[in-house]
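Please find the structures below.
Shared between the two complexes below is chain A, which pairs with chain B and chain C, respectively.
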Partner chain A sequence: MPVAANMEFFIDPNRCIGCQSCVAACSECDTHRGTSMIHLQYVDRPISVQTVPVICMHCDSPTCAEVCPADAIKRTGDGVVQTARKPRCIACNNCVLACPFGVPKMQAEFSLMMKCDMCYDRTSVGLKPMCASVCPSGALYFGTREQIEGERPRSESINKFQFGAQTITTKVNMMVPKDSGTQHLDVLSAMDDEPAGRSGVLDSVFDDM
Partner chain B sequence: MAGITVVRMEGVTVGWADGVTVERAAGVTVAGRAASRWKGRQGLAFGRVGRERIVGVGWGVLFTAILAALIVGGSRNLQHFDAALVGYTFAVLFATFAITYRYSMWLQRPPTRVYWRRGWQVFFSPKYILRNIANWFRRVTADFALNRFIFKRSTSRGLAHALIMWGCILAFAITFPLVFGWIHFETVPGDVESYTTFVFGFPTQSFEIHSLVAFLVFHGLVWSSFLVIAGVMLAMRRRMRDHGAAALQRFAEDFLPLILLFAISITGLLLTASYTWMQGYGYDFLALLHAITVIFTLLYMPFGKFFHIFQRPAQLGVSFYKDVAAAEGMAKCRRCGVEYAPLLQINDLIEVERELGYRYETSAPGVEHYQRICPSCRRTMLGLAQGMVWGRIGSTGQHEAHSTVNR
Partner chain C sequence: MATLPKDLDTLENAWGPHLNRMEGIRLDTGVQPDKVVSTHCCFCGQQCGINLKVKDNVVIGFEPRYDFPFNKGMLCPKGVKRYLQGGHSDRLTSAVRRDPEAEGGFSPMKYDEAIARVASEIQRIQTTYGPDAVGVLSGASLTTEKAYLMGKFARVCLKTKYIDYNGRLCMVSAGAANKKAFGIDRSASPWDDILEAEVVLVAGSNTAECSPITTNYIWQARENGGKLIVVDPRITPIARNADIFLPVKPGRDVALFNGILNLMIENDWIDHDFINNNTVGFEAVAGHVKQWTPRKTAEVTGVAEKSIRAAAELWGRAKTSFLMHARGIEHHSHGVENVLSTINIVLASGRIGRPYCAYGTVVGQGNGQGGREHGQKADQLPGWRDISNPQHREYIASVWGVKPEEIPQAGVDCYEMMRKIDSGEIKGLINICFNPVVSLPDNAFVKRMLEKLEFFTVIDFFLSETAQYADIVLPGSLHEEDEGVVAQVEGRVIKINKAVEPPGDAKQDWRIIQDIAAALDRTHGFTFQSPREIFNELRVASKGGVADYYGITYEKIEAQNGVFWPCPAEDHPGTPRLFEPASWNSVAKGAGPFYFPDGKARFNVPAYRPPAEDVDEEYPVILTTGRVVSQFLSGTQTRRIGPLVDQYPEPRIEIHPRLAGKYGIVDGDWATAESRRGTITLRAQVVTTIRPDTIFIPYHWPGRKAANQLTIAAQDPVSKIPEFKVCAVRIRKADGPSVN
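Here is the complex of A and B:
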């Protein structure tokens, strides 16, 4: 059964409090039991508490699948980019290196790439993905567009990301300020940016040291 | 943008004077191809697809012709060819054509082509060949013969695969030479109790027909069916009980191969049961049923899950590529400066992405291509970029930056 069309994934990394609930819940997903597919990214751990929960964005044109020499990554009709097919994946690491969001994980001992498949065992039967069902701050949210618009009146979602000259459209949405005119998120704009906190509280602490 | 990337490694000179650069130089635009590939490759230029297909058909015809010639030659002008098995032979010939065709089409995909070429280049690189040969034996034993990487996923998976794999290898090793007339048995002149085995028409060893060796050899397919049935049972059990498998499995891709292997094994065993204990009861029908299951499987082989038998050995080439590429130097992330991947692989990937129609070239200082940034920094920048958007709004007073309240 496909994932219901009206149920969408919305991520809002700025809300992440780094609690690791999503990481723990993810490893309980039946399709990759015991291994978490979520990267809870510490932006700059020594100086900031800022974290980014990174799940698969499920690109419309998945670079990971295109660069796979073994045709191991398939995108289902409902737009979910599945994890590597076990008989096919030859553990070359191309997908890990090509994904613009840095999502796939190489499980070297299994000779197998594994990635978030939006908890296909759950979402395909009408349940929320594990991570979204436990996230206490709403950084990972799974629901209808109407629901999130009602709950976050000052936000809107986008699903276009710019990486240099390449625009990537995704099934997963990211929350940005409403009416800010943000059509897409230019990821490289953050090339020289520093995490929240560096110019704030912690900097003054460092200055005193 | 540099049109040609030439990577020189000590002992291996790797050039790009191939279809990649030629096509770009000729101005073939593949923008949008990546997206259209998912819609039945509509975006591909017909000429290219046509050429790929012609190459595929060419290889298919060549391999099929070689096999046909070997069948005629190996059976001494069909002298030892068993006409009752002609259906199997034609099914194998068709499967050979289709598998070669698909393999050729697969090898022509940009990422596969790069790995195929690079895999051979690095394997025969004089600097690494001795190490490669040693690793080849180690990997063939550990990965292919023992399926160690599958056992690591779970014991039942490993056991299921090993049983099915060895059962099938044994069955193929017995039936193909018999079907092709490459092996036949003749009684030893003057000794009706002994057989001589002829391979490609040449006599080899003789053995007594009532010996243990003869019993084991003539029941080879029985032993292989025991292995396959046990493996299929284990695999089927997992597919029926595992929730994760239940979510992803599909009939044609996952159940059909198991059903086919089971059908072949059972109908084959029934043949043995019929002539051993039932005076050949229903033998003709069973023989036909068995032939149907085998021929259907042979015809299915190029299209479904069984194609991994031919695809999977590419894992070996990839492992040598990764070894050598890592030994030749690592790429450093242009953002954090950490070594994150072999430089050769990053360079290759950039070429592959360009050929696929992706445009990850950037104008950011010091980062000519997004691929030069490590996956960890990509994740970091995703969060930072979102924070910047909120921060911009915050600085204009519309919203409070980094606040999660009421937004």
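Here is the complex of A and C:
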């Protein structure tokens, strides 16, 4: 059974609290039990507690698959990009290096690239992915577009990214502030941005001491 | 003779903490569970619903429980990995006795012999020194049935006045202030009242790490247009996104809230009708807060005057609001005043008892609410009754089948019990669900007191740092090995369901308590056959009390997904929101919505006092303590779960670069913090997300990594909560970790 067409994944980093519940739950998933596929990192811990969770964005034209010399990475008809197929994967790391989002992980012990497959074992039978089920802040959300638009009127979703000269559209959506005029996110320039939220606000307290 | 039988390294090698990881059956995706048990998480007061997958009497994993309305499947990492506390190599599967000759310092013994030895020591001590020479320490992670039984066990079986519990480190400041202001101690509002609040004010709650599920409620309020005010000395994950952040200097919360109230009054942002019709004592408070001008408030609190003004205006002008607070304002030698100062701004606003006009205390422990209602507290009898009230004693005596005069009078708080050991009044101690060696302040004193005991027995599932001092350890049960009720953060009574049987000789705690009673030949009132039987007696015992459970049944809890107390009759639906206009309660009897005979809430004058130990030239830096998301309280369980330890393996000293720079400390350096009571050396985490006059150390670890080596045992005079959140330290760069 394919993943229902109206059920979509939304990442809302503004909500992320860095608790790593998604990381913990990801390792409970049946398709890669014991290994977490989620990347959750502080943007710049010395100056902010901001964190960002990254799952596979499930690109419409997956770069990982395009650069795979063994044709090991398949995108299913419902748009989910799967972990490399074990019999084909030659552990060359091309996908790891090429992914604009840094998602695939080379699992040396299995000589296999593994990545988020949007909990295919769950989503293909009508269940929510593990990470989006447990996320206590709603930073990872799985539901219909109508649901999230109703629940989060301050935000809108985009699924277009710029990575150098490459334009990428993805199955997974990113929530951005409404009316921000954001049409796409530039992956490289975002890496140079200061994390949001009160940097330096406490420095001045010192002067009053 | 309660001394450590071996050195700490030897004890740790033998008894843990060792790390449990996903292995074997838990890693095998081909295994189908025998059953999936719908229950709740064992950790914090949010009490998230969770489904546990069971195979061959082992919990092998979990499945999100989407049907429980509070969390709808959500969990924090502790909830996700909670199942790894079961099937653990550290698990006590038999009774053990202190044995310095044994390799690990303890030897297994037959359960019946252990019970007989405990009973004979209780008998000996009480015969020699009197009944009060044996004390009981209990805990608020126990089910309400067990908590009830512990109170009854102390008073009826042991006939001792000395029982108290670890809720003393948790909810007592909130509880005492709520009793003073409202006449009842429970979150006034269900959490759904957060969702449409115009302003959410969070004071002293690291919500994202300590009650993660609440984050989603707060974010949802903001989606709906609500504004967020956060009061905290650190930029926590929720403070990062706050509309107004008030980085209060630790210990100055009363000043802050008095300053806000003063501005509310000056600008007439108060609800005169509500104040006139529903409250008592406003004039005295209004007169008192006049001195808290914005300038003075800013000077004392270390918060910019413009932020205080902005917060007062946002709060003052709001039509709806939710104010919540947690240990950050409660763990103080003036914790009750801190809470009262927040309640004053709620009452002055008139925004309570209506949809999205709300107030709540964020409970810490799993049964932090239910565990403080039914008599394991030093001065309390079931149903939130008062042990010094003759009518209350008479009623409970009738339920227990004893004479009122046989019920001992009030005892003392758990830290004072330690001092009673020092003075020789307490010679024997029974400890369950409490790890005071890690969780009490100034823990060098605590260890010395345990060493002074003639006899110490601990009921636990692991050999906790406290159990290491015991003469006999009785093997108790994990959360998933028993059933019973707990009350979560909203006052919603929910049902914990049994998933597996205890391994080996381990037994449900209530059986162990009853076995001790039987060995003492004091079985009267201790012949329950099931938690349900205990619950049914508790229902009667609570009947007519403020915390009335009489109308709650296991079946009703299951049918309604929880029942909010008070629930006085079986046809009563429960009370999700307290203080609704024209509501009836058992104290006011229709006179008004609050739990006083006149039905009115009380303003209380919260006088500002600085912390018990302020900084000075010798100890110039403030130490504050708290939690991290991947560990829980004293860590007895979570320090044994591999993935949770991986997430945050060691405590660190969180320090602002401007303070660190003064001492030449850079990120990752070893740094020493020293108070008048102890010293700790940890790696520094240099971040701009903390006030530059304050350092933070999480407290979940024992031994040389224990923050509570440094903390002060100053206590609130009313609630007796210790001042974990402020003491004075000095810091320096260090070459490496300290050795034991």
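Note that in this section the second predicted complex is superposed on the first by the 194 of 209 C-alpha atoms of A that agree within 3 Å, B and C clash if a C-alpha of one lies under 4 Å from a C-alpha of the other, contacts with A are read in each partner's own complex, and residues count from 1 in each chain.
Going forward, a contact is a pair of C-beta atoms (placed from the backbone, for glycine too) under 8 Å apart; a residue touches a chain by one contact, two chains touch by 3 or more.
This structure is a prediction, so every number in the text was calculated from the model and none was measured.
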For A:E28, decide between first (touching chain B), second (touching chain C), both and neither. second
Identify the partner contact of A:C19: answer first if only chain B is touched, second if only chain C is, both if each is, neither if none is. second
Is A:G164 touching anything from chain B or chain C once the two structures are fitted on A? First, second, both or neither. first
Identify the partner contact of A:V43: answer first if only chain B is touched, second if only chain C is, both if each is, neither if none is. first
Identify the partner contact of A:V3: answer first if only chain B is touched, second if only chain C is, both if each is, neither if none is. neither
Is A:V80 touching the first partner chain B, the second partner chain C, both, or neither of them? neither
Touching A:P153 in the superposition: chain B (first), chain C (second), both, neither? both
First (chain B), second (chain C), both or neither: which does A:M113 touch? neither
First, second, both or neither for A:E66, with chain B first and chain C second: first
Does chain C touch more residues of chain A than chain B does, or is it the other way round? B
Contact residues of chain A, present in both the chain B and the chain C interface: 14-16, 30-31, 33, 50-51, 137-138, 152-155, 196
If you look only at chain B, which of its residues touch chain A in the complex? 34-35, 37-38, 106, 109, 111-112, 114-115, 143, 149, 152-153, 242-244, 246-248, 305, 308, 311-312, 314-315, 318-319, 321-322, 335, 341, 345-346, 349, 352-353, 356, 358-364, 367, 369-371, 374-390, 392-393, 398-399, 402, 404, 406-407
Looking at the complex, which residues from chain A come into contact with chain B? 12-16, 29-33, 39, 41, 43-44, 50-52, 54, 60-61, 63, 66-71, 75, 82, 86-88, 90-94, 96-103, 109-112, 117, 120-122, 124-125, 137-138, 152-155, 161, 163-166, 174-177, 180, 182, 185-191, 193-196
Please name which positions on chain A make contact with chain C in the complex. 14-21, 23-25, 27-28, 30-31, 33-34, 45-51, 128, 130, 133-138, 151-155, 196-206, 208-209
Spell out the part of chain C that touches chain A in their complex, as residue ranges. 22, 27-29, 61-62, 64, 66, 71, 73-77, 79-81, 208-209, 212-213, 215-216, 219-220, 222-224, 235-241, 245, 247, 302, 304, 629-630, 643-644, 647, 656-659, 667, 685-693
